[in-house]
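Two complexes, one shared chain (chain A), two partners (chain B, chain C).
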Partner chain A sequence: MISHLRTMWLVFIHLFKKKVTIEYPEQRVALPPRWRGRIVLTKDPDGGERCVGCYLCAAACPVDCIALQATETEEGRRYPEFFRINFSRCIFCGYCEEACPTYAIQLIPDFEMAEYKRQDLVYEKEDLLIDSQGKYPGYNFYNVAGLDAGVKEKGKGKDEEKPVDVKSLLP
Partner chain B sequence: MPTIYIDNKPFDVKAGKNLLEACLSLGLDLPYFCWHPAMGSIGACRQCAIKVFKDEEDTRGRIMMSCMEGVKDGMRISVEDDAAKAFRAQVVEWLMTNHPHDCPVCDEGGSCHLQDITVMTGHNYRRYEFKKRTYPNQYLGPLINHEMNRCIQCYRCVRYYRDYAGGKDLNVFAAHNHVYFGREKDGVLQSPFSGNLVEVCPTGVFTDKTLKEHYTRKWDLTNAPTVCQHCSLGCNTISGERYGKLRNVVNRYNSEVNGYFLCDKGRFGYEFVNSENRITQPLIRNRTIEAAGHDAVMQHVRTLVSGHTLIGIGSPRASLESNFTLMELVGKENFYQGITDDLVYIEQKIVDILQSGTIHTPSLKEIEQADAVLVLGEDIWNTAPVMALAVRQSVMKTAATHSTEQVPLPAWHDNAVKELMQEDKGFLANITLLPSPFDEISTVTMNAAPDDIARLGFAIAHILNPSLPEVPNASEALINHATNISKALQQAKHPVIITGTSCWSNALIRAAFDIAAALDMNEKKAGLAFVMQESNSMGLAMMRASSFDRVVANVRNAANVTAIILENDLYRYIPAGEVDAFFSRCKNIIVLDTLHNRTTEKAHVLIPAATFAEGDGTFVNNEARAQRSSQVFMPANKEIKESFKWLSDIKSSMTITANGHDKHPDDLMLALESKLPQFAGVSRVAPPHDYRVHGARIPRESHRYSGRTAMLANMTVSEPQPLQDDDSSLSYTMEGYRGMPPSPLIPFFWAPGWNSCQSVNKYQQETGGSLKGGDPGVRLFEQTTAAPVFSKDIPDAYTPRPGKWMLLPQYHLFGSGELSVYTKGIASLSPEPYISLSKRDAEMSRLNNGDPVNVKTNGKTYAFPLSVNESLPDGIMLLPAGLTGLEAQDWGAWVNISTVIV
Partner chain C sequence: MTVMQHIWIVLGVLFVFLNIAAGLIWVERRLLAMWQDRLGPNRAGPLGLFIVLADTLKLFFKEDWIPPFADKWVFILAPAIVVASVLMGLAIVPFAPGIVVADLNVGLMFFLAMSSLGVYSIVLGGWASNNKYSLLGALRGASQMIAYEVFMGLSLMGVVMLSKSFNLTDIVAAQENMWFIVTQPVGFVIFFIAGLAETHRLPFDIPEAESELIAGFHSEYSGMKFGMFFIGEYLGISLISAMTVTLFFGGWLGPAFLPPVVWFFLKTFVFIGIFILMRASLPRPRYDQLIGYGWKLLLPLVLLNLLVTGAIALWLRS
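And now, the complex of A and B:
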């Protein structure tokens, strides 16, 4: 009996407290920047695709909802020929972002992805690619990766020596 | 058997091995880089450090390189010792100071020995803060990619390329901290075994350029054990598929056959599977709409088959299953081989020899262990490259054994043994039409016409067994060569004679047999190896069907002929005139094949057949070893299926009692055994289709296979049921038995912590030994005690005829293969058509290099530029065989030439 009265009292005093719920969608929730929402593919500072098609996100994905195919430009720069995320399977765990060695795949604070048809939740590269560097401005994988893929020449990257002169021993 | 104590636990190990081999054979994880089971130890990388203790009381011990220390009874070592572990971690850290941060774009990633070892030693955080060394790269041809930054200076590439494979153009340059592994200048790697660098290199310096075109990580491939389709050796391969395309071919270790290495044709010649030239739809020609579905074609074929005289033409590149089903469909007497009478005769001779059991035919491993090799007439460098590699090992190993007999050195001590043997070589006599890259390791070389080579063979046989007839009118040079060779063969304990069909001479086969049988009688274990032309030439020859010439004779008087041609481009084997004549006698032509070619153009009904990657099949290699090649992927196009399935469908559509069930390949093999007893044992080649391990199948996909719920989501978001394969116990999923599968069903090599191809260690009984449970494949013929029947018929010496040339084929590793040229890189390395004449003949005809020459043969004239060959015997004309667009010739025929003055 006392318990019932106590419960009713607690409910009653909540009438005078500040409301937690908000009038979504008129009113928007403030999401922290590290919120794990919609997945995007970002771009390098030079505007090129950051994704190098290394397949690590696909391997890390616990629900196997990422499929891609890597290909190369003539200079040897890798990029995905197609990149597909099946958001009807995605659990927004963020493992793909963690696995990504080039900061290409990022989860952003956007969760408004509802669709009437499940098929519309399959996102292709065109749907994923954004014209921004996302959370890591200034990073370009090829500047630290050693190889020459049209971004910088050998030896011009960060912490690289000039290419070895194989003939330095010749008199 | 010595006992060693590893971390205070006793283990029985094999004597004569080093500690690294012993530890790996015991299943311990010990990191290494420079050691390779096929190449021995040099102690260069310092990675395999362990502690060795003096005795039980010794607690300090000494750090030693396990690859440089032999096992001794009672030895006490520690792998887990803290100092040894710290040493190994430090070595990896040093190696990694300059290793670039490019794994995401490196094709080796995910199957990288360096990654595995770095993880194994526990080095996971970079402390070195200074700059990394960089290198320029080189263009190494259309098959191999070079990214020198990734090098860790283990020297495996040059040791493999130069010492093991005998290549010359890859070397190490510069010095101390900037050594460079590459060529003197950019250019195509010359060795036909350069593709193995991809697997030999522990990191990503050398990677597969064909894989780069459609790159997929190892963990994402759907793999299956396959058998190479490009020559008769039947090397074991693993083929991988992703998104419906074949992505790569890697070596599948089989200690009896290919061991650790493949040739470039086998490794890179897979792209025909993905070719745009594939037949994708059944066609009924001469209709308004030619494309037809399965049922429409079956209905049409039934009308063509019933009430007609059926002729079946088998194929040396189709599986036993398909050839046998065709034989069953048309009847044994109506089944023909689809190759010329001459070749059938030679191959029949080979099968007779093997079936008689009078002589042992060695596996490639036994050739490697031979102590004297005689190559009689066969250009194995081009027709059976991995055999050439085996012969090279025999020459080197014989010399090494010879050296280590004098100075007690273990065989794995590679550098010391090489130092000791210097330029010493084992015995190899290379007697061929033309010089080959092989000659530099040969003790005796001779270039002669096939008949003269056969005469040399008979002369050797006569010396070995004087009861055999003497060669009449033998020249002094011939006798000299014969004496030298027979002396070396007599001294050897395991001599091997190699010959084959590429000279189109049956006298060669007889001569080789006489030598081997004569040696065998002298209480030696002599071997006689034959090289055939195609992947299943032996299997087809063993079915003992008649030649194409016979079918032409037989259809001459028959009416209402329906010919069924199985995966065979007749124009590649038979001169065009004869094929056209045959086709003109056939009322209906049904062709089953994988790629469009001249024969499929003639088909009235064209049926799309599966390639090796899309179907199961059993192939018999040159030593009559039957091997199963499993389906790698099911084509999305349901019209493409194995020929034996199409043929069974045709058969069941003809009989009313058929229950409509597909036959499993196992059932076909059992039926084959009962119909043709020479195939006894062929049903044991692989476990039956209902084989399960604890109720589980063996998955074709790795446990990290990615993209299952997204791969096909663009078509429909609901995932389809996994593909069902009822023909084998391999499954199309990631689920299933993850332990050690039976050796014929190993879909890929992987072990915990070992993602690279080096994980094969875990599948072997001992490092470099046979696979656990025995190597796959069943040898159909074994030596019995039957007495040999020697040949009495010795050919006359070859004499050039004035104004006429004997036409012989020259095979090219890159170019002569029907299927391998669909790989762009291989096609670009293929030679242009030419005519070869000897220098004297060219001078007599007043011709120079490059002059256009017309050849008249079979009523046709072909024009090609002349290539003067100084080593070619006089009176012989060589044409490259099997180049795309070149017709089959009447090899061994005499032809005229005429010159065109431009």
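And now, the complex of A and C:
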């Protein structure tokens, strides 16, 4: 009996405790920078697409929500012809971001993606591409890659050795 | 009193109590939320009060489904009984001097009879649903009601002894000098516990017991029929609170700076709050614990209370 009354009193004084509710549309949830939300495709510092169409994100995706088709420019730089993410399937696991070798695909702290039509949840490349470098400012994949795709010449990259002349006998 | 005055009182009581019952949807949800460190419904209208409208509209527009295996007419009748019996019980409550629907000289008996009739809605609802969980709920409801009905009546006999009347107006008048909570504390506690069991509210909601019986006797009900059980439950809370106030807390009596009706409803709302607080804080006892508690502890206790009250009343008279 006494313990019951004590319980009731302890519950009663919760009336004056601070409430934990965040009144959402007026008050915003504080999302940490690494929060996994909407997926974006980022760009290089010079404005080129980072995505090289390697299909690793599509392979890593456990729900198969990523579809893309790689193609090439005349300079030999690969990019996706189309890049499609079906957000009605996406589970925001972030495996695509982990798999991406060029830091192109990134998950950002944004969850306000509600749509009236289910088809509107399928994002095409122009919906996904943002004009920003995302979490890795200053990074350009072609600066550290061996390939000359118009960003730097072969052998001019950081920590990159000159290409070996295979036709020479000298070491 | 003229006939018109009677009609006005009847309509007023109906209006006030049906609105209280509807308003309790909001009150309960807000209070429960507050006690769980949440805010509760606060979007629709000022302070979220329109949740009452939204809920009622939702109940009206839901499909009013009668299962093909149910006993149709009994199934329809059951939810009406609970509301009707509780509203009948409200007829004898004196809200203020002169404001009472039926000033019966056996008012207390009438209240006990009407609150016992409420069990029919549970039993018939559970039986007509033709569903094993509903039937189990109905069985539990019936035995709980029988167990708690016995000493609900007995716990009030102390009050009757002291006020020498079954008429509720007289009982309130007898508390002019001292509320019966002072002279009948055991009676009050037992009446309140029995009232809790009578309205089958948490923690004594074993006829419903979501986690074991899937809402028990009303698991087959939907739409406004379920709404009737819902409203009946809230009306039951209001009735038991009003009766507690009338019998033990001096009814409309109070300092003169507020009118008697206001005192009555203030006190009633305190008890409605306690009902909701008990829901928020106490766990549900096991079925056999509840029944054993009733027969083995509360019944002897109430008989002892009756004995002592009678002895003291006799001693004071001689």
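Note that in this section the second predicted complex is superposed on the first by the 154 of 171 C-alpha atoms of A that agree within 3 Å, B and C clash if a C-alpha of one lies under 4 Å from a C-alpha of the other, contacts with A are read in each partner's own complex, and residues count from 1 in each chain.
One rule holds for everything that comes next: a contact is a pair of C-beta atoms (placed from the backbone, for glycine too) under 8 Å apart; a residue touches a chain by one contact, two chains touch by 3 or more.
All figures in this text were calculated on a predicted structure; none of them were measured in a lab.
Asker: Determine, under the contact definition given at the top, whether A:114 touches first (chain B), second (chain C), both, or neither.
Answerer: neither
Asker: Touching A:124 in the superposition: chain B (first), chain C (second), both, neither?
Answerer: first
Asker: Given the touch rule stated above, what does A:2 touch, chain B (first), chain C (second), both, or neither?
Answerer: neither
Asker: Report for A:55: first if it touches chain B alone, second if chain C alone, otherwise both or neither.
Answerer: A:55 contacts chain B only, not chain C.
Asker: Regarding the shared-chain residue A:166, is it in contact with chain B (first), chain C (second), both, or neither?
Answerer: In the superposition, A:166 touches chain B alone.
Asker: Of the two partners chain B and chain C, which one touches more residues belonging to chain A?
Answerer: B
Asker: Thinking of the overlay built on chain A, is A:149 touched by chain B (first), by chain C (second), by both, or by neither?
Answerer: A:149: touches chain B, not chain C.
Asker: Identify the partner contact of A:89: answer first if only chain B is touched, second if only chain C is, both if each is, neither if none is.
Answerer: The answer is first: A:89 touches chain B but not chain C.
Asker: Quick check on the output: what are the common chain A residues between the chain B footprint and the chain C footprint?
Answerer: On chain A, the chain B and chain C contacts do not overlap at all.
Asker: Which bits of chain A are touching chain B when the two form their complex?
Answerer: So the residues of chain A in touch with chain B come to 52-56, 58-59, 61, 63-72, 78, 84-86, 88-89, 101-102, 118-119, 121-122, 124, 141, 144-149, 154-155, 159-169.
Asker: Report the residues of chain B in contact with chain A in the complex, numbered from low to high.
Answerer: 100-105, 109-110, 130-137, 147, 149, 173-175, 178, 180, 182, 212, 214-217, 219-220, 243, 704-711, 713-714, 716-718
Asker: Would you mind writing out the residues of chain A in touch with chain C in their complex?
Answerer: These residues of chain A touch chain C: 4, 7-8, 10-12, 14-15, 17-21, 23.
Asker: Per the contact definition, I'd like the list of chain C residues that touch chain A in the complex.
Answerer: 34-39, 42, 277-278, 280-282
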